[in-house]
Every structure is written in C-alpha cells, then in structure tokens.
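Pasting the structures in now, so scroll down.
Next, two complexes with subunit A in common: one pairs it with subunit B, the other with subunit C.
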Partner chain A sequence: METALKEIHSIMNDEHAVLVYSGEFNQDIVKSMLSYTEGKLDSSGIDNLVKKKIFNVMVEQLQNITKHQYVDGEDSTIQPCFVLIEEDTYYNIVTGNPIKIDTIDMVSERIDKVNSLDAPGLKALYKEARLNSRISDVGGAGLGFIDVARKTENKLDYSFYDINSDNYKYFTLKTQVNKIIE
Partner chain B sequence: MENLFIAKTDDTPEIDFNSETKEMKMTGRSLPEDVTTFYQPVLDWLDELEATPSGEYKCIMNLEYFNTASSKLILDILMRLEDIHLDGNTAIEIIWNYDERDTDMEEAAEEYSELVEVPFKIVGI
Partner chain C sequence: MEYTYKLQNLMSKSNDLLAIRDNFESLLSKSVFSIVESQMNSNNLEVSVKNRIFSVVVECVQNICSNDVVDATSKNSILVLNKEENGYKIVVGTKLNNERKDRLSSLLNEISSLSTEELKLKKKELFSSREELDAGQKESLALIDMFNRSAGHIKYYFESENSENSFLIIEIQITNN
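This part shows the complex of A and B:
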C-alpha cells in the first residue's frame, strides 16, 4: 500500500495533475469534479475563456462516461477514470471507460470524421447533426465529439485497450485545451 | 397565460416566464442529466403561447453555459418561438446576452440567430 501511494503521489506531482479520479460516475460526482476544478482554475489566474473551454470539455467527456459506463457481469470491476493535467502550453483532459466491443467501430468512425474536418466543416457538421438528432434513451444528443473538437480546435486522441474481457475494451480519450487562444 | 417559474440549480438555469412583463427569461447554466424532462414545461408553455394571441413577448437569454444536449433543446425552443412569431398572433423578440469575453457563446448565439427568422439581438456584456 505504501509503495503504491508513493508511486501515485510521485506520478501526480511529476505530471502536474490537477484532478485524478477513478470510480463510479454520476451527475453528483460530475458536479463535484466541475466545482472543484473551477475553484482550482479560478485561483490559478488562467484566462477566463480557457477556463470556460476546460469546463465545457469536462462536462461533455464526464457526461459521456456517465451515460455509457455501465458494464454487465464480471467485467464491472474495470472502473472509468478522469485525469486533468497541466502542461506548459496546454491542459490535457483524459477520460477512460469500458466500452462494448460492438460499439467500437461506430465510435472510431465518429471521431475520425470529426478529426478530418476543419473549423467550417465542423460548424456545418454540428448544425446538421443537431437539427437531425434526437435525445437518446440515456439523454445524449450525439454531439459531444464535434463540440469538443470545435471548442478546443485540436484533434481528439483516442485508443482502445484490451482488458481481458470478451465483451469490453477500455476506451481512452485525450483532448487538449490550449492556454493561449488565437 | 400562466407564469412559469423554475428556480436555478447547479446544473439547470432559472426559468422565469412572466405574463405581466411579457418576458421569457432563461438565466444560468444548463447541464442537466435529463434535458427532456427539464425542458418539457418550457415547451408546454410555448405550445400554450402559440394558441394564445398575446401582443408582444421578449425572450431574454442570459445563459452562461449549456451542454450539447441542452443546445438541442434550446434549438427546439427557438424554433417554437419562430413558429409563434411567423403565425402573426404574437410578435417575438429574442435578446441574447453573453459575457463579452466568451467568444464561444457569442458564436453559438450567432449560429442560432442564423437559424430562426425572429428579430434577434446579440449583446456582449
């Protein structure tokens, strides 16, 4: 236990972690994380618009996990996670959650499409998707990736890791909010 | 028209629709888990307004933040306001206030204004 704690502390320090969380996600926990982060960023003196963008990306990524995190049966030991790290010129926002293997293609396609578009292309895609979307059973509108790409003006970086499960892999999504906005 | 008032929370805006002042105000942040349930009373109220010729109404948006699911419902609200306005029985004006440092919100307001045929003022504060 002590070794693990020292390692965790050392990684968090070296990586300038603002917030690290692993466990269940629900609306209350998401609200706490947002409130904590807002407070921390307020006292760090960062630009107001940068703070807004971080908040925005966090809401979309955290609510995505809240909606899509549920895992059946013995695979439910794999926890979703969230990490917010401060780098020199940007903030890294990383989320991880188990994802059903049969949804991987759809998720990859969506993100690849978003990554392939420039700002005008994303604007048009967002408009069209919003007009044609309906709120899903879990309360989502299918617009999160597009919105994050537009707000950050950066590519979305994603991976699927094996977790020794027949039905699930672990999906990680990394986005970047620049400290300087042109 | 009856008044509609929903108090603000951490993740939902204040809804203050007043039939004496003829103002529909939405103020705060919108990131509820269930947007459909939250906004249903607003949509129901607008259906009622569509059936009730009321002179003029102002819709005043003071939204600091909204998530993507809310953005869909806000579009639904604005499209209902457009229907009401174009029906000719109640004139609608939309005033969208935003923090002038928040260029993302300014852009969102501009995009909404392009989508609906209603007098639409965007005000940086």
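This part shows the complex of A and C:
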C-alpha cells in the first residue's frame, strides 16, 4: 500500500482529528473546507454564534496558509496543512506551514504579545495595529493573530519544527473555539 | 502539535491530499465530494473521470464507511484521496465486526473474480429487486459499481484488530484513460 492510511488513521484517532488536508491551498480549496465544516456543524446542531466563530477563525487561518504556503528552492514535500479537531467541548483549528527562519522571532513576539493581553488589551492592540498597519507583499501586520485571539477568547498555541532546511522551519498554530459560550 | 507536521509528512510522501475521519452516518456524500472536487478542478480532469470519482466516493461513504454494526457514535472510518500521475486513488478504511467482515470478504472475492459481462449480469439481477435489498445486496451493488468505475483497479485487505473486529482497507484507482 502506497498510502499510509493506517498510520494516518491512528494519528487522527489519537488526536481526535476529523479532517486533514495537506497540499496546495487556493480559493476553491478554502471554500470547500468551509463548506464541509458547515455541513458538519449543521448536522451536529451547534449554536449559530459558535458556528460563526469557527468560520471566522478558519477563514483567518486558511487565508494565512494560502499567503505563506510557498517556499523557495526547498524540498517540495514540505506542504502546508490544515487539521480540524473535534473534542467534546471545543474544536481545535490547526494549521501548519513552512516559515522563513529569519521571521520566526517576529512571529513569536507577535503571538506572545497577543497571548499576554486580556480582552480590553486586545481591543486596544487591534485598534493600534489597524492604524499603524501597512500590508506587506506576503501578508498583514499581525492583525490576524489579534483577531483570532479576540474571537476565540483563548490563547494561541504555536510551535516551530525543524525540517532539515537552512532557511525554513515548520510553523504550527492551534486555536481553540469552545462549543459552549459562557 | 507535532502530529500536524507528522501528518503532512506522511501525506505528502504518499501523495495523499485529504483525509476525512468520521462514522459517515450524518455526512452527506455531497459535502465530502465538494472537498474532493475542489482539488480536482485544478487538474483539468475530464468530466467523465470526475463522475467516476464522484460515484466511487458516494458508494464508499454510503455503503462501505457508513455502518451501524460497530459503535456508530465513534469515528471508525477514514476516507483518503490520493493524487496519482494519471488520476486519483480513493482509499477507504473501516472497522468491521466479524459478521460484516465475512460478508464483505466473500463479496469482494466473488466480485473481483467476475468478468465485465458477469458483473453486468449480477448488477442487473440485483437491480431488478432493488426495492427490497438487504445490507449484503446493497454492499454487493456498491462494490460492483466501484469495480466497474475503476475498470477493476481495486485492491483490498483485512487487518485483524482483535477477536471481534477487523479493519478493511480498499484502494480504488481511477485513471484518466
């Protein structure tokens, strides 16, 4: 068997993952991920507000992967990845993509800053970031992280993994959306 | 979160694009296919090939992955879409109890031994009484359709999990030709 189905199934079982996509991301793929998730949420009778939150966070993270999916002159087997995890009381939205080593400090600082703030602090940071932001050629100014943290009201979890490259690491970002709104 | 990197590594090495783990009880084939279709759109596949893939996905989701003989609340089935040079491979895995394993094993052995003409006749025979088909006959029709759509490019095997359950894996290859 060429596919590693049993191994994939075993990891998905252990992590409670219900959907994994690994490959090129484009508008059609993003739309289909959202549509699939919508069908899944509809069938589980989840609250509309939670559904909206999940959607917003997914859009933000999927857009992020779409912008940062390409690597220059590296092993083509390093692909961006999207994982949807369903637990009893929350969903985890996990994305992975290669990231340039020289941007790791900046990304870590931005996420750490976001994680250190409470709701009013995030609101103020969002305002400030919007006023000062200049959209670069590869993405925004960290607004996405602030937005996701505000919507989920949970901390962002992230890691960088070594991928045998002098220029890139693999960046994973996990956000948690609670099924029940307090 | 190392699993994310592990999953992408495993999947990209074997050209797997998509993995859905579910019991497929409440999932519509349409929503599964919408995600498969979006992947195929960028690969200039002929409509007839897309239709064959769609039919196989429908049969897999409705008749192979979805079953209530093992705990229906747990997500015991998986569907993987694999990109090949000349088409796609759909790989499904599902947990079975011994009764279903024996039934599917015998059906798969029987159907894989039939010629195209014999498959047609068997399908016709089952179709004539399709309003009162039992579970085995529905599975039989689904498997015949999968063999026809893939021109017989099907591999399958069972792995024993314990004395009560097995895991069935079926690979269905759909090529551009």
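Rule of thumb we're sticking to: the second predicted complex is superposed on the first by the 168 of 182 C-alpha atoms of A that agree within 3 Å, B and C clash if a C-alpha of one lies under 4 Å from a C-alpha of the other, contacts with A are read in each partner's own complex, and residues count from 1 in each chain.
The rule is short, and it goes like this: a residue touches a chain if its C-beta (ideal position, glycine included) is under 8 Å from a C-beta of that chain, and two chains touch if they have at least 3 such contacts.
Remember, predicted model here, so these are calculated numbers, not experimental data.
Novice: Once the structures are superposed on A, label A:L143 by its partner contacts, choosing first (subunit B), second (subunit C), both or neither.
Specialist: Touch status of A:L143: first partner only.
Novice: Between subunit B (first) and subunit C (second), which does A:K31 come into contact with in this model arrangement: first, second, both, or neither?
Specialist: Both: A:K31 reaches subunit B and subunit C.
Novice: Determine, for the superposed model, which of the two partners subunit B and subunit C contacts more residues of subunit A.
Specialist: Partner touching more subunit A residues in the overlay: C.
Novice: Which of the two partners, first being subunit B and second being subunit C, lies in contact with A:G23: first, second, both, or neither?
Specialist: The second partner, subunit C, only.
Novice: Have a look at where A:T66 lands relative to subunit B and subunit C in the superposition and call it first, second, both or neither.
Specialist: After superposition on chain A, A:T66 lies in contact with subunit B alone.
Novice: Taking the superposition as given, does A:E7 touch the first partner, subunit B, the second, subunit C, both, or neither?
Specialist: The answer is second: A:E7 touches subunit C but not subunit B.
Novice: Using the superposition on chain A described above, determine whether A:R130 touches subunit B (first), subunit C (second), both, or neither.
Specialist: first
Novice: Based on the superposed arrangement, let me know which partner A:K53 touches: subunit B (first), subunit C (second), both, or neither?
Specialist: Touch partner of A:K53: subunit B, not subunit C.
Novice: Output check: A:E153 vs subunit B and subunit C. Expected answer is one of first, second, both, neither. What do you get?
Specialist: Once the two structures are laid over each other on A, A:E153 reaches no partner at all.
Novice: Considering only the contact definition stated at the top, list the common interface residues of subunit A for subunit B and subunit C.
Specialist: 31, 35
Novice: For the complex, which residues does subunit A have touching subunit B?
Specialist: 27, 31, 35, 48-49, 52-53, 55-56, 59-60, 63, 66, 123, 127, 130-131, 133, 135, 139-141, 143-144, 146-147, 151
Novice: Show which residues of subunit C lie in contact with subunit A when the two form their complex.
Specialist: My answer: residues 1-22, 26-28, 30-32, 34-35, 37-39, 41-42, 75, 78, 80, 82-83, 89, 91, 93, 155, 159, 167, 169, 171.
Novice: Of all residues in subunit B, which touch subunit A in the complex?
Specialist: 10-11, 31-36, 65, 67-69, 71-73, 75, 99, 101-104, 111, 115
Novice: Which positions of subunit A touch subunit C when the two form their complex?
Specialist: Listed in rising order, the residues of subunit A that touch subunit C are 1-9, 11-15, 17-24, 26, 28-29, 31-33, 35-36, 39-40, 43-44, 77-81, 83, 94-96, 157-159, 161, 163, 170, 172, 174.
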